[in-house]
Each structure stands twice: as C-alpha cells, then as structure tokens.
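Next come two complexes built around chain A: one with chain B, the other with chain C.
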Partner chain A sequence: MIADILVAGLVFGSLYGLVAVGFNILHRPTNVVNFAQGELIMIGAMLMAATPIGGLPWGIAAACVMAVVAIVTLAEERVAVTPVLRRSSHAVGWVITTLAFSLLLAEAAGRLWTDQPSTVAPPWPLSMRVEEVLGVRFSSYQVAVVVIAVAVVALLDVLDRSRLGTALRAVAADRDGARLRGIDPAALTRRSFLLGGALAGLTGVLAAPLLLASVTMGLGLLIKGFAALAVGGIGDNRGVLVAGWVLGVIEAAGAVFASPGSQSVVLFAAMLLILLIRPNGLRGLAVQRHV
Partner chain B sequence: MSTYRTNGMSRRGFLTGTTSVAALGMLGLGTAACGSSGGGGKATARIGWVEPKTGRLAAAYKPIYVGARLALEDLKAGGGLLGQAVQLMEEDDKGSPAAQPAVAQRLIREEPTFVVGPTGSSQVLASVTALARAKLIQSCWGGAELLGDGDRFPYHYQLVYNTTQQAEVAARFLHEVRGLRKIGIIVENSEFGTSIRDAVVRILRDTYSAKPVAVEVFEVDASDMTPFVRNLERAGVDGLGLFTGQPQATILILRAMAASDFHPVIVSHDLNYIEALGEFPRALLDGFFGTTYRGLTYTDAEEPSAAVHGLVERINKHPDTAGLGYSAVTSPYYDYMLLMAKVIEETKSLEPAKLKAALDKVEDYQGVRAKVSFTAKRHSGIAAEDITVGTLVSAKEPQSLGGVLRRRADGM
Partner chain C sequence: MSEARGTRSGAARRAAPWLVLVAAAAALPLLSGDPTITYLATTAGIYVLVGTGLNLMFGYTGQVSLGQGALVAVGAYTTGILMADHDWTFWAAAPVAVLVAVGAGTLMALPAFRLSSWYIALVTLGAAMAARSLLVEFEGLTGGWSGLIGIPRPVLGPWELGERGVFWLVLAVNVVLFAMVRTTVDSRLGRGMMAVRDAPEMARSVGVAPARMKLFAFACGGATAGLGGALLAVHHGLVTPDDFTLDFSILFLLVVIIGGAARLVGPIIGTLLFFALPELLTGLAEWRGLIYGAALLVLMVYAPQGIAGEWERLRARRRASGTPSDAYGTSDVSDASGTDVPVEVGPPRGEPLGVELVGVRKSFGGVHALQGVDLTIEPGTVHAIVGPNGSGKTTLLNVISRLLRQDGGRVLLGTEDVSRATAERLARHGVARVFQTPRLLGASSLRDNVLLGAYARERTGGTATVLRLPWARRERAELTEEADRLLADLGLAERADEEAAALPHGEQRLLEVARALMTRPRLLLMDEPAAGLTPRELESLGRLIRAIRDAGTTVVLVEHHIELVASVADVVTVLDRGRLVTSGSPQDALGDARVVEVYLGAPA
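And now, the complex of A and B:
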C-alpha cells in the first residue's frame, strides 16, 4: 500500500513539478505568473492525441508539439505580456491578460474537440503495462516520466549557471537596471516564453498517456502546478519538483487514508502547514526584496 | 540553483490583480449574452434555449441538443405552435453554473413559452432557482432528485430518471439479478456523486438489508484512480456502482482495474462507447453495464419501436451528433419538445400558467425513451418500469444502429 502511494506520488508529482518549473521559466525574466500554463499543456496533449502529429514517430511528434506550443506561448508573450510590461515592469495587468489568453485557448479547444478523453500510447519500448518488482507495482513509462522530470530540472540548473542564466537573474532582479547594463530584457523574455512553451508542450506529451488527453485536463494541472510552485518556492526549480512529489504523495495518501471526499481538504491543509513551517519554500531559499 | 531577487508583489498590486480577475469574470458573463437572439413580434411562439455555445463544453454538449433540434424541425414543418412561427431565444451559458443567473435574467426579459436546458446538475440547480421566480416552464438534463420536487421547483419538469431511480435499478441489478453481495460504490465529489451515493446506500439498506463494503469518493480532477481502485479490490468488491459525469474518470478507473486484473461487475451512469475503451481487455468490458431507458434497448426477442429507429436514423445523420449518438438519443429534450407541443395543442394556449396546469396532469405520455407522468407534486416524470440496464459492448453490435442503442442486460 505504501509503495503504491509512493509510486503514484512520484509519477503524478513529477507532472505537477514540471508545470511549476514552467511557471518558473516564464516568471524569471518577467515576474509574471502565466495563468495560461494549464491550457498550454492541454493543447500539447491534444495535439498529440487528436491531430496527425500524433501519427508521427514519437520523437518527431514530441518535437513538433513542443515547437507548436512554444510558438503559441510566444504569441501569448507578444499580445498578453509584453504590452503590459511595456507600460510598467511592476504592472500586474498580466493577471487578467494571461487569464484571458487561457480562456481563448480553452474556447478554441472547446470548439475543436469534445470532452471525450483520448488515449496516447507511450513511445516504444516504454509501456503502461504494470510490472511488479519487489512488491512495488509500476510501469516503464511511469519510471520514464520521473526520470525526464529530473533531467529537465538538471538541464535548467546547467542553464542557470550559464551566461544566459546570469542575464536572466539580472533581469529578474531589476528589469530596468539590467537594460542599463546592456541586457535586452525583451529578447530574454521572448526566449524564456519559447522555452517555457516548449516545456508546457513536453509536459502535455508526457501527461497524455497517464491522464488521457482531454480539453478539461488543463485546469487541474494548473492548480496542482501552482500549489507545487507555492510550496517549492518561486524560482527554485529543484524545490518545486520536490514539492510536486510531496503533493503527489499527500494526494495519493489522502485517497487511501482520508475519509471519502476529503482528499482536497487533506491536500490543502498539508500545503498550508508546509507554508506555515517553510514560508520561503521547501528548501527555504528566501526570495529577497529590495527596500 | 541560484536565488534571484524580485521586487515581489505589493498589496496595491495584489488588489489591482484581484480587481482585474473580478472584471474578467464580469466580462465572461457579459460575453455569455452574445449568442442571444433579440425579442420577436407577438405573433411568434418563443422557446428559450440554454446551451453552451462557447467554452470547454461547447463541442461536447452539441449532441445533447440534437434531439431538440430535430423536434424543432418537426414543429416548424407542422406549422409551428398553434399556427404561430416558432422563434428560438438561444442563450450561451458556457456550461457554467456561474453564468446561469445572468442567462436567466435575459430569458425572463424575453418571455419564452417554455425553456429547454441547461444541461449538467450544477448548471441546472443554478438555473431552476433563478427561473422559478419568473414562473417559466423548463426542463433540463439534471438527475438530482430534488429537481423533480413539484413543491420546490413547481415550473421545472424532469424528463430524465433521477438519482434515486437510477440507484434503485443499479442496486437491483447487482444484488437481485446478479446475486452479488460485496457491493462497492465509487463516485465523483459533486452534487450528482453525493446524491447517487446516498441513494444507493439507502436502497441497499432499506430494500436488501445490506450495506456497501466500500465507498470511494474521488475529486473531479483526480490524476490517479489507482488508490481508490485498490481500496475497492482490498474490500473484495464483486459488484460496483460507478457514477461520474467525467468520461476521463471512468477510463482512468478502468485502467487501474485492468492494471491489477480486478474485474468486478460494474453499473455505470454512462454507456457512451468511446474510442479510449478500446485499450481494455474484453473481460473487463463484458462486465460493464449502465442504466438506460427501456425504449432504447433491445433483446434477441424484442426490438425498439419504429419511432426509436426513425429518431436514431435522423440523429446519426445530424452533423452535430459527432459520433455521440448515445448522448443524443438519451437526452430528454426531444421528448420534452414534443410533449410541450402536445400540451400546447391540447390547451390551445401559450400561457405558462395554463400549460403548467396541463403538465401537472400528464399521465402515461409515451415518449421515445420512456413513459412520462407528472402530478402537481411529482415532477420526476420517467416511469420506474422504463428504466433498465444495458451492456456497454453492445455498442459494437449491428442492432445498436451505429452504437446508439444498447442490448438490455440479461434478467432486466
């Protein structure tokens, strides 16, 4: 029973962690939390499940999906984020504009597809067939999802230490100050949105075999990804991945041990408790503030 | 991993953001008005029509209104209502409970003779509460038992079986017909789920002196059904009531069952055969049943009526059906529209008060799905004997007419 909870927590927690990492990538150069992230992931999954892209070899299909979602995210940056930040780098109009973009995506998906879920097969040689090893039941695809999530965070760590990562941190700290130092925040923002969009596409591709692709899948992932972001700490990719796992385990444990229908209460109570104990995120990396 | 500095969000910023979200919500409600028709002349009979035209559920709910559109074609071809042209007052509710008060306000201004929709238990509860004050006759697709309470909602008429009726049939099938004694329940955490869970527990207790060996309630957005299914398996469940309006949840539950080779007899709420079911072993699907209307089922010795055959043929040809013929044919709106036309012709009136008086006396009206009767107090109209259990896999049989009808389960 405990092994089942841990497996489910790690696998689905990895998805929540990837959603939160997507938030981080877009937040870093803009201080914007992209409320369209859930729908971008949904678009990624639906492209894989309900368009001819899904018929291509998995690697090519995944790359195509990532490219398409990256372009859509760049369009979001052009119409919903940059115009707001141009007025003031501290403006919060992005709350409404990214939500509006999210509604547009949901609207488009609702016109194109019904709410019937579609299955997407994992790429060969991976499989959803459950194997039992030492009493632990899991599929090869579930293992792959956890490994990919860890690899994504490791790659972003490398990126973070590069010149580009330093520039991103400078923009995050002070957009106007970075511009005075010769950094182009607009270009960095575009790159971040492309990268964040590609990651949203990848998350959709990874989620589709596990959750089934459906036009309704975005909102749930958005909320749980946001929870992982809050618990893990904004800007801390390792922290949000660990937070995703913690939330995934709590969610799975709630399904087993909590009284019927109270899983959400358990999840959010645990989240509140963690935030009370670790207000700066699980790893306690304080977000500093200029005075 | 490095920390980065941020200016954070000020309290003013937070308040501005919150206000923006509220404004967006209002904008959404306003946008919902865009699909509405304007008022017409007095010489037309107006029908209010609540359907999601935009939003996530727009495409999914289209098939549900196909029957009503076919009935409307028939009404128009027959010269309208009392010789008056029929005008639809279409309102877009986005499939959202929050949009219902605004939609109701517009409908009240348009003064329709009767209202079709909305669809979905939560949407329906919000809508009937708002429309009841204006005494507008309405029928929706919502199974909650209280929606058939004539005292509480005197102008709402329920032409679908309610959760108690559904629970009675499901419990009878599992306990009496299949002789199963370890009955479990798995439902979504919603008004519908809570209502049918309570009904099944009550019926098992009162009718069979039994109680479920396991009751599982999952969140509508649950990612993984494995823990719930393992709980059912551990409890030794051999018969399962699976009730959710989320097709995704059904597939994830079946997937978790397939993974552990756990194959109880299932009675479900939904008998739509969707492509995603193709991944499951036949043994699991052979044990999957669902509550449905007797008129839409067949056996080796019994065929559905010619009226059903005719309707199915038209549904299959309609572009909005989109492969979801089962949703289209089980929708209450075809029977509702034709019943309203009959009542209007009999009373020779379009006045809601007169129509309500006549509707409260409807007895054994033969709809295509089932017989319908109302009294002033009982607005849950479907005859209990016309609710049955069908098999899922029969959607692949030629007698199902393209997956629209279902074979009646043995013993029902």
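And now, the complex of A and C:
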C-alpha cells in the first residue's frame, strides 16, 4: 500500500511540479503569478481529448497543442499582463486580470466542449496497463510522466545558465537596469510567455491520460500547482518539482487514510502547515527586501 | 455654539441624498406588488453587505480575497445548522455565525501573514475550494450535496418576519454598517489600512504593523461575510453547496472593482449593475460568466478606480476646467509663501533620542553595504551622514529605523538595545522617517497624509472611533487642527484637501516632512531631503531642520548637498563602501584629506 501511495504521489506530484515550473517561467521577467495557468493546461488536455488534433500521431499532436496553447498564452500577455504592468498603478492589478483571463478561457471552453469528462489513451508504446515489479505496481505511462518532468526541469536548468537565462535574471532583478545593458524586457517577456504556454500545453497533454480530461480540471491544477510553488519556493524549478512530489504523496496518503473526498483538504492543510513553519518554502531561498 | 450648529446643518445637508435613497429603498417592496422584486432586492442588499466588507479588505487594505464566498457559506451553514437542527432563534444564531466567520477569515489570512499580497489571493482561493469539499464531506452536519432545508424566518417578538421583513432587516443592517465603515475609513484605522496598501514600509515607519492591519481587515471581511451568510440562510430558507461556487466569490470582487475599490459607494453601484441588471434582463444571465471575465479585464486595465472613481475624476476635471485662473493662483500662492514664516514645530514626545551603533554589518548577497560601523549620534544634534553613492548611507538609516535587520552588531536607541525591535515599535517610541522618494497615500488628501503621522500618538481606540464617542471626536478635532497648522507653516494650506499624488515633487517632499513632524519625533531620520529642491526651497529646508533641532529633536540627515550639510550639521560622518571614514565637525570632516579622496579620487 505504501508503494501505491508513493507511485501515485510521484506521478501526480510531477504534474503539480510541472504546473509550478510554468508559474516560474512566466514569473521570471514579470513578477506575475499567472492565475490562468490551470485553464491553459485544461485547454491543452481538451485539445487532445475533444478535437481532431488528438487523432494525429502523438508527437505531432503534442507539438500542435503546445503551439496553440503558447499562442493563447501570448495573447494573455498582450491583453492581461503587459497593459497592467505598464500602468502599475495597482500593485495587484495583474492578479485580477490574469484571473479574468482564466474566467474567459473557462467560459469559452465550456461553450465549445461538453462538460462530460473523457478518457485519452496514452501514446504507443506506452500504456496504462499496470505492471508489477518487486511488489510495486505501476504503468509504463506513469514512469514516462515522471521522467519527462525531470527532463523538463533539467532542460530549464541548462537554459538558465545560457545567455538567455542570464538576461532573464537581469530583467527580474532590475527591469530598467537591464534595459540600459541592451536587454529588451518586452521581447524577453513575450518569449517567456511562449515558453510557459508551450509547457502548459505539454502539461495538459501529459495530464489527459492520467486525469479525466474535462473543462473543469483547470482550477484544481492551478491550486495544487500553486501549493507546489509556495512550498518549493518561487523561482526554484528543482525545488517546486520536489515540492510537487511531497504534496502528491501527502495527497495520495490522504486519499487512502482519510477519504478520497478529503484529498484537497488534506493537501491544503499540509501546504498551510509547511508555510507557517517555513514561509519561504522548503529550501527557503529568502528574497531580500529593500527600501 | 452657532458654529457647531452650522456644521451640523451642513452634515444634515450632506446626509439628505442618502436619507432619500434609503427611504426609496425601504419603500420599494410596498410600491411594487411583485414579490420577485423584493426577493431580488434582498439578495442584492446581502451582496452589498458582503461587498462592503470586501471593500475594506481589497479596496482599502489591498488584499485580494477569493474566499469571500466560502466565508458567506460558513455564516450561512452555521446559521442553518443552529436554526434548523437546534431550534436557535436568528438573533442568537447570527452572532455565532459572525464569530465563526471571523475565525475562519482570520485563519485564512494567517499563512499569508509574512508573504506578499498575491499569496493571499491564492491561499484564499485554495481555502474556498477546501471549504466546498468540507461541506460535502461532513454530510452528517451539513446535509452533504442536498444541503440544509427548512431554515425558519427570524421572529421579532410576536411576529415572524415575512419576505418584506427580511428585506427591511437587510436594509437596516446595511445602513448601520455603511455608517460604521464610513467612520472607520476616515479614521486612524482607515489611514493605516491605506498605508499598508500603498506603501508598507512607510506604514511601518509611522507605527502601523502591516500584519496586524491585514488581520484586522480579514476579521472585518469575515464578520460581514458571516452576517451576510446568516441573512442569506433565512432569506432563502435553505443552503446547498451549489450556492457557494468559485463564481460566487469572484462576484464580490467584481462588485467592488466595477463599483470602485476604496470608494464607499463602490459595492452599491457594483451590485446594482452586476447582479441586479442581468437578473432582470434574463437574456443576459446566460452570458454572465463571459461578462464577468471581460468586465474585470477591461476595468482593471482602463478604469482601475471603477465607476465611482471615474465619476469623481470627471467631476474634478470639470471643476478644474471651470476655474483655470484659480488653479494658477493657488500654485503661485504656495510658492510665494514657501517656508519664509518660521515653522512652529510642536514639542517632541520626550527627550531627544541619541543613537549608538556598535559594529553593525549588513550584506545583500555579495554586496557588503555596511562592514562594521561604530557610530555615536548625540541627542539633540543634527548629525549628517555623507558619502558617495553606494557607500551604505540609506542602509544605515534603514538599520537605525529597523526597516532592515543588521547581520551583526548592536543598535542602541538612547540606553535601550533595539537590535531586535521592529520598525513599528520604534515609531511608537518617537522615531520618524522621511524617505528618499516620497511615500504617500496618493489618493488621499494632504491633510489625511499628515494625520497619518499621528497614528502612533492617537489614543482613541477602535471602538470609540467607530461609535464616535465625544473624546474620540475631540482628539480628532485637535489633531486636524495641528495638521492644518503644519500644512500652513509649510505653505501647503491652500491644497490641504487636494490629492497628494497631484502635488509637484518638491511639495510631496515637504508633505513627507509634515507627516514626520506630526509624529512629534524624538529622532528624525531624513534621507536626502534636498534632492530636487530649488535654491529657495533649500534655504527654507535648512531653516526647518534647525527649527526641528531647536525644538528638541535629534536629526539624522543623509545628504549629498554639501552646502546644506555644512550649514546645518553639528556633526558630519563620512561613509565609504560601508566603512566609516571620519566623524567630526563640518569643517574638520569635510576638509579631511581622506574625504576629498573618497569623493574625487586619490591625488595623482
């Protein structure tokens, strides 16, 4: 039973970690936490489940979904993020606008597709068929999801050390200062949103076979991704993936030991408890305030 | 006596439109025979109630709560369980519902205590989701998906309140709450809330503890949501989990934003427009989700102050364009009066405070801003700190005022070790701060900005303020008079009622000084007050600083303007790259060869 909890925790935790990594990518150049991230992932999953894209060979389909979601995310940057950041009159304006964009996405999806959840088959040669090795039960697709999540974080680590990553860090630290060094924050912001959108699309594609794809799946992913972000520490990709696993295991344990309905309550309580003890997340990379 | 009567009749005139509005609302169910209208009006009234609470949290304190609907659910379920299952009366159940919701609201705010504002948005969102699954989980208590039914109407003496009775009850609660909120936002508490929203560091420097203020705002929001929930339960007669979706929480945020955040009438306008309108035009109701999203997006980008804010702006513009010569005249007057009149600085709250730093170190990552500074600032002097950019001057001020905590070393204020004290506690001991870039309540009047300085001095408690007890009113009148005198001395009297954000930069700095003086400081920390001032303004600043010292306040002055330093300082300390170079009288310190070297580089 412990092994079952660990497997489920790692698999779903990888999804939550990927959601949180998406938050990080968009947060870097803008200091915005995207409240529409959950719905972007939902769009990704629904494109696989309810449109002809899902019928294409998996690799092509995934690429198409990532492209579409990336474009939607860029649209969000144009209408909901940059205009408020430019005004910067209200410190939390972007919370409201990204939330509003999220509402629009959910509403549009609700009109386009039925709210019947649908199953999506994993790509060949992977399957959801449960194998048993040394008493641990898992499927090949579950292994693939965990491996992809680790690969994404490793890839972003490489990217972070590149010229682009350095420029992003410069923009995050001091937008105007970066501009003086010949870095264009607006262009970097657009690129980050494209990348973050593509990742949201990929997360949706990955989530579709695991969760039932439905137009209402976004909110839960948003909140669980946020929990991973808060616990792992904002800006720390490795931290949020590990936090995702920790929370995934706690959630799975809650489902077994308490009741399946109390999953979200257990997860939320765990997050609050961790934050009360370590406000800057598990690894605790504190951000220095300045006056 | 006659003057008092005059203001009272003025107040009556201002209150007249409100009385008419309330009377019209009260007459609504009598005029319209349609019970649907009464039903909708009651629901709208409850939404206004909850929206007003959220306005305190979001509009005035700047905290985005997405869990308001969950708090309403807490209030509604508490009332429902007590009334339907335990036969309590409404009058006993409602206060319990309020208390439980206050508890839930405070709990929701706790983890976000030390984190930035958007954490609160997501934490409250998570709480809303968790609350919904709890409602279904505890089926025995809440009835699960089918909810609670058969909640009776409130009984008043021999009468059971009907549909109309509940409406009037809601209306009465709204009127009382509106009056209370109005007094609150116009008091020390309201100014503290806005300070937390606009400039948290400045808030701490005048003695507002941001975390406590946020908790207070959440408690207020919880109370109104709980009360709203109690009324909703007896209004509908049943509660189900489906009444409290995420959309329900977002509705309140929308109501506040569309009506006008930090405007008292905001929630009223917002509710009428966004709840009542689609409800009446049934064709619109189907599109509500899309309308919510689009309206939030467009408003936040183009009209963040909502309808009430836009209306005020239009009126202000019309007034300004109506009297162009007057506007010109005002600025002219304020310029001419300058501060040629000696400023009458009120006596400080006690003996001037000295400061002693022992081996203070502070680093930001790899930047060592202070590398073991020992410094004694004698009480009652003007002590200037100079040095090139990046020498650690502002960091030093921040360490003294406790906005930053040093990595090592000790800070003594007078004889007290304050190495671990908070900025807000120091403010209560009489330490005031003037910031390098003005930190003001931009949307508030100049007078309110100055009054904020008295935050730590005001003795009237929250209850006395809200109930407008006599001594609360007396203290308020005295402080207002003092603030007006300060504004007059600094040549800003003409603009006392204008918005602080509209002031030119130089005068914003004067306003900062006025706010600092309003605290009656024993130690005043000024960060580059001369930057961007005209020669005339500089001269009056010099006089002002001397007057402040002569009144018995220690002044610590971080400044680049060497002439000003030479003319006002008793002692000058020179910093370079986080180390103390020299300290002494202006002639000695500024003439020191090492200081010349620090500024101009080593002689060739």
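Structural remarks
Here is the rule we use: the second predicted complex is superposed on the first by the 281 of 291 C-alpha atoms of A that agree within 3 Å, B and C clash if a C-alpha of one lies under 4 Å from a C-alpha of the other, contacts with A are read in each partner's own complex, and residues count from 1 in each chain.
Definition applied: a contact is a pair of C-beta atoms (placed from the backbone, for glycine too) under 8 Å apart; a residue touches a chain by one contact, two chains touch by 3 or more.
Here the structure is a predicted model, which means the values were calculated and not measured.
Clashing of chain B with chain C is the outcome of superposition onto chain A. Of the two partner chains placed around the shared chain by superposition, neither chain B nor chain C is touched by A:V205. In the superposed pair of complexes, A:T114 makes contact with chain B only, with no contact to chain C. When the two complexes are overlaid on their common chain A, residue A:I223 makes contact with chain B and with chain C alike.
Of the two partner chains placed by the overlay, only chain C lies in contact with A:L276; chain B stays clear of it.
After overlaying the two complexes on the shared chain, residue contacts for A:V92 are found with chain B and with chain C alike. By the touch criterion stated above, A:F268 is placed in contact with chain C alone, chain B being left untouched.
In the superposition on chain A, contact of A:L6 is made with neither chain B nor chain C. Of the two partner chains, chain C is the only one that A:F101 touches; chain B does not reach it. Applying the stated contact rule after C-alpha superposition, one finds that A:G235 touches chain B and leaves chain C untouched.
If you count the residues of chain A touched by chain B and by chain C, you find the higher number for B. Chain B is struck by only one stretch of chain C after the chain A overlay, and of the options 1-9, 91-99 or 145-153 that stretch is 145-153.
Taken together, the two complexes place residues 90, 92-93, 95-96, 99-100, 103, 106-107, 110, 219-220, 223, 261, 263-264, 288-290 of chain A in contact with chain B and also with chain C.
Across the complex, chain C meets chain A through its residues 62, 64, 66, 110-111, 113-115, 117-119, 121-123, 125-127, 129-130, 133-134, 136-137, 197, 201, 246, 250, 253, 257, 289-290, 292-297, 300-301, 304, 364-365, 394, 398, 403-404, 435. Within the complex formed with chain B, the chain A residues making contact are 1, 4-5, 8, 11-12, 15, 28, 31, 90, 92-93, 95-96, 99-100, 103, 106-107, 109-119, 128, 130, 137, 139, 157, 160-161, 165, 168-169, 172-174, 210-212, 214-217, 219-220, 223-224, 234-239, 251-252, 255-256, 260-261, 263-264, 285-290. Within the complex, the chain B residues that touch chain A are 1-10, 13-14, 16-17, 20-21, 23-24, 28, 52, 54-60, 189, 194, 215-219, 221-224, 226-228, 230-231, 246-248, 251-252, 255, 259-260, 272, 274-276, 278-279, 322, 324.
Partner chain C is touched in their complex by these residues of chain A: 33, 35, 79-80, 83-84, 87, 89-93, 95-97, 99-104, 106-108, 110, 219-220, 222-223, 226-227, 230, 259, 261-265, 268-269, 271-272, 275-276, 279, 288-291.
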